[in-house]
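My questions will all concern the structure given below.
A, B, C and D label the chains in the order they appear, each numbered from 1.
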Amino acid sequence: MDTNDKNYNLSVKLDKIHLRNPTMLASGILGISQSIFERLYLENIGAIVTKSISVKPMKGYPNPTVIPLGGGSYLNAVGLSNPGVDAFSRELSNNKIVPIFISLVGSSEKEFSKMVKAFDALNILGYEINLSCPHVSKMGMEVGDDPEAVNKIVKTVRMNTNKPISVKVGVGSIDVVELARVAVDAGADIITAINTLRAMSIDIETMMPILSNRIGGLSGNAIKPIGIRCVYEISKKLEVPVIGCGGVSSWKDVVEYMIAGASAVQIGSVLGSSGPRIFNEITTGLKKYVEKKQLKNIGEIIGISHKY
Amino acid sequence: MEFHTSINNRRIVRIEETVSETPTVKTLVFKDDLSYTAKPGQFLMIWIPRIEEIPMSVMINSKEGYAAVTIRKSGIGSTALFERKKGDLIGLRGPYGNEFIIRENYKKILIIGGGTGLVPLLRLASYASKKKLKITIVLGAKTKKEVFFEKMAKKLTEHVDSSVIICTDDGSYGLKGTTVNVMSNLVRNNTFDCVYTCGPELMMRGIVEIANKNSIPVQASLERYMKCGIGICGSCCLDNMLVCQDGTVFNGKQLSKILDFGISYRDKDGQKIRYN
Amino acid sequence: MDTNDKNYNLSVKLDKIHLRNPTMLASGILGISQSIFERLYLENIGAIVTKSISVKPMKGYPNPTVIPLGGGSYLNAVGLSNPGVDAFSRELSNNKIVPIFISLVGSSEKEFSKMVKAFDALNILGYEINLSCPHVSKMGMEVGDDPEAVNKIVKTVRMNTNKPISVKVGVGSIDVVELARVAVDAGADIITAINTLRAMSIDIETMMPILSNRIGGLSGNAIKPIGIRCVYEISKKLEVPVIGCGGVSSWKDVVEYMIAGASAVQIGSVLGSSGPRIFNEITTGLKKYVEKKQLKNIGEIIGISHKY
Amino acid sequence: MEFHTSINNRRIVRIEETVSETPTVKTLVFKDDLSYTAKPGQFLMIWIPRIEEIPMSVMINSKEGYAAVTIRKSGIGSTALFERKKGDLIGLRGPYGNEFIIRENYKKILIIGGGTGLVPLLRLASYASKKKLKITIVLGAKTKKEVFFEKMAKKLTEHVDSSVIICTDDGSYGLKGTTVNVMSNLVRNNTFDCVYTCGPELMMRGIVEIANKNSIPVQASLERYMKCGIGICGSCCLDNMLVCQDGTVFNGKQLSKILDFGISYRDKDGQKIRYN
């Protein structure tokens, strides 16, 4: 893929693929429509991660499912609503140019192998396995907290595709570096860190939990320092490209994640205040930073903080 | 980086008045400054504690600092809201979304709506009447007992050279025919600077087609399934547009490019469903 | 202890003791000076938790140790600096009226028993065992992540005192409810949740980690929804009074924690923007809430959200 | 709930100029709007990346938008800062703390300082001279080669009916004796509306005692070990005061109640140490 501006190279390498720039759409954000993906591509996004897809369609939880908490932080318990593997294969069937990772969620090896078989012929970059959704039982984090299950699922996906696999880890009740290590040992090519953190908000007038599921996942500004820490620790301890995620709202945050050790950076909640143009704004900011720091390529800053 | 902290703040308000519009449509009045100043076309996310959160257009209310929502009872959420009584608490955030635009040069406008689609249109009519525009309001329903907001529409337009036209599919009240039929006739004998519409999508599709064919500017406020209301979750997507953030109001030019307009919508799980 | 205003009773029960109101100073905040404790008492605080004390004095890490991150969130890696058990016993030796919990930190049963023996004759309410400091090795969270060590330490403290013991838990790599359960089974009377979360901040100009210890603990507004969730889960699943902590900046946050299940609430980082008068402001706000909701005692709202 | 976001933001600035004041004292000049407008008595937390973060009073600089710090080389942090060169980057947050107050009715003030304690006092002198007050500055040092800021002090006060008095303990320059001795003599023959001081705490204690005895209002800027600089960590506590948040400037009445003033301070681990 070409860069928009030949003077400042923002392209980054992720396993065996290249992205024109390190910005990616985080899973679950605007993530079910090919038309939206094409619009984001015009906004200069580096790559897309789709909503996490399951074998069967899922309606998810009743609303409220997404709550703005103020200060650029959000709480959600969408319940992994998604159109399922069949409808989503049709959705992506005409994809020509958009670099897409499909996020997969499920509770058994069988489910994952079924999905990868259905998706693998599509024009997609690869997969992200969601082992860290903190608010749906028997899926996501409940799988991610069980190293044996992680091992089996990643191996299953590995057996069914040659495309790059990223495993998305979060802050659950197993150490994030350990979980990443299990995933890498099982065949993951990339680690995405982090997902939302289990959290809750209660209204003091009615004295009731706000989310229909009561407990959900915290995203946005609040979690950035935790995401930075996880990326730093994983990239320092393991030999694996890491995609940073959590609380990015400007090009500065992308740079901070890359300095911490991220090869690319996913962006989610901030779309609630900025809209899709944020990708254009961020890549413009990154170009200026690369120029100011006189870098040949933004990749030079990946993990540079490990030196200090 | 800009945070809409105030509109995103969840406010808990007390229902101060309820108005029964039809056996299945009710208006709930509450006090909320941000809703009072909502622009026509904007909506609130209304929280019915421990039951649902649903998008609702902001209804006008005559008292300063007050606003309202007008609900048609249908599924779980809207029925629960419909059943709330004076004194009950509901939560709200917003108003969200863009607005109907009245250009400086507009002198005469046509407003066409049906059912709760009238809600944003009455707010628009109130703005337009303050600007002294000539307003024709077409108010459609299936049958007589489903007609509501007639008095309000007339009151809003009484002091300008305006008119309110009622039509019912079965002719039980006002003209017989759909709003689309009425519009076809109206545009033959009148020049409107803009047509504004909100209501069932198939109706709006008909109206936009006529407007586009007659080269009349048109704006329509659309509905899609919404979770976040603020451009994060993607559930409201319509082609490459987000109804909550890029809309709810789209103009004729945009709509002519949106392939799914009047054709299909996405269900709660994101699957596309065709309108029948 | 009397309430300031007889009409609205803010007093709460914590194990066998009563506090005049549910506000407490979080450990590590202004926590080493008896004169400051007396000032806070005049500001109408319910109780004090001291800085975590170790057997020997600890200088802690070089600065930067505390970083304001903006938006009311903070990152710290103080390194548990404290004057040690001997100097601190002298510090508190003349305490007459201030309700004080001493926070204890250490790495062996021996250390804890030594400290409790030294402190137990002082005029104090009880102890808080810090098993959750996320940035000092062989202390705090490294102990808290090991259920066997938690069990032994809590039992040791229990054997050496009849005063109430709270165990402070955090979000580490063992589930917070499980950790609380181990502590309660070993004899803890109260659970405090939560401590800071492991996090990091990197400067993008110099590309260097800011904290001297690189990794520290996130506190303040960012973590409130996580604290609420932990208090909700612990108080719902275990029969133990819980003290909420994390991101409280107003009376509304105190109410939210209590509705979630907290019997009292600790307050820390907000002092960086409001100063000690925050306790007076918060208790005034609580009184108005109690009046508006026509409660006889604020205790009526503890855990009320569990119903929904 | 109020967030001091801007002063808490860490700014990374380039050192644009260095001035060697004595072999162990250096001034580093940088551009920073918030520091430029700092009030006298306020301080910055200066980050020397990967080495230390230390509190430093804000030194004045003549260029608009610029400020400076003046460091005495002592331990690890201050020595590292002392050794920074033109072009190097340092971080800063603040300015924090309260300020020296000049009351409306003050006409003649006495400023007494030694060493880097002069830093906040020169900012004060600059403010006072703009207000056309009569200023007497007493500038003390152990010996001649430790005298600095003399020229700056004279320049700041040249256009008002003011004077700068130098004293050294060994008499190698200016009057022989301590600033406390000089003050004793001055207050016998002059009436000052207020005395302002900053420097070694034992010196300040002497000055505050004389002022209190002579019923002259007095304000002193104190130093304590600081980690956060913003009232969280408690390391700067002095009796029931937080030097970073309640200070650094305390008045004579406050100081007469602070038992530890001039008596003891707390070390990095929080243990109390007596001044020798």
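Keep in mind that, in the parts below, a contact is a pair of C-beta atoms (placed from the backbone, for glycine too) under 8 Å apart; a residue touches a chain by one contact, two chains touch by 3 or more.
Keep in mind that what you see is a predicted model, and the values were worked out from it rather than measured.
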What chains, if any, are shared contacts of chain B and chain C? A
In whole angstrom, the CA-centroid distance of chain A from chain D equals 50
Centroid distance [mean C-alpha coordinates] between chain B and chain A, Å: 36
CA centroid of chain B to CA centroid of chain D, Å: 64
Quick check on chain D: which residues sit in contact with 2+ other chains? 49-50
Residues of chain A touching 2+ other chains? 71-72, 208-209, 308
Would you identify the shape of the chain contact graph, picking one of line, ring, star, complete or other? line
Return all touching chain pairs. A-B, A-C, C-D
Residues of chain C defined as touching chain D within the complex: 28-33, 35-36, 38-39, 51, 57-60, 62-68, 70-72, 74, 76, 78, 81-84, 87, 203, 205-206, 208-210, 212, 249-250, 268-275
In their shared complex, chain C is touched by residues of chain A numbered 69, 71-73, 75, 171, 173-175, 178, 197-202, 204, 207-209, 214-215, 218, 221-223, 225-226, 228-229, 232-233, 252, 255-256, 259-260, 289, 301, 304-305, 308
Listed in rising order, the residues of chain B that touch chain A in the complex are 1-5, 8-10, 12, 45, 47, 49-54, 76-77, 89, 91, 93, 227-235, 237, 239-240, 242, 245-246, 266-272
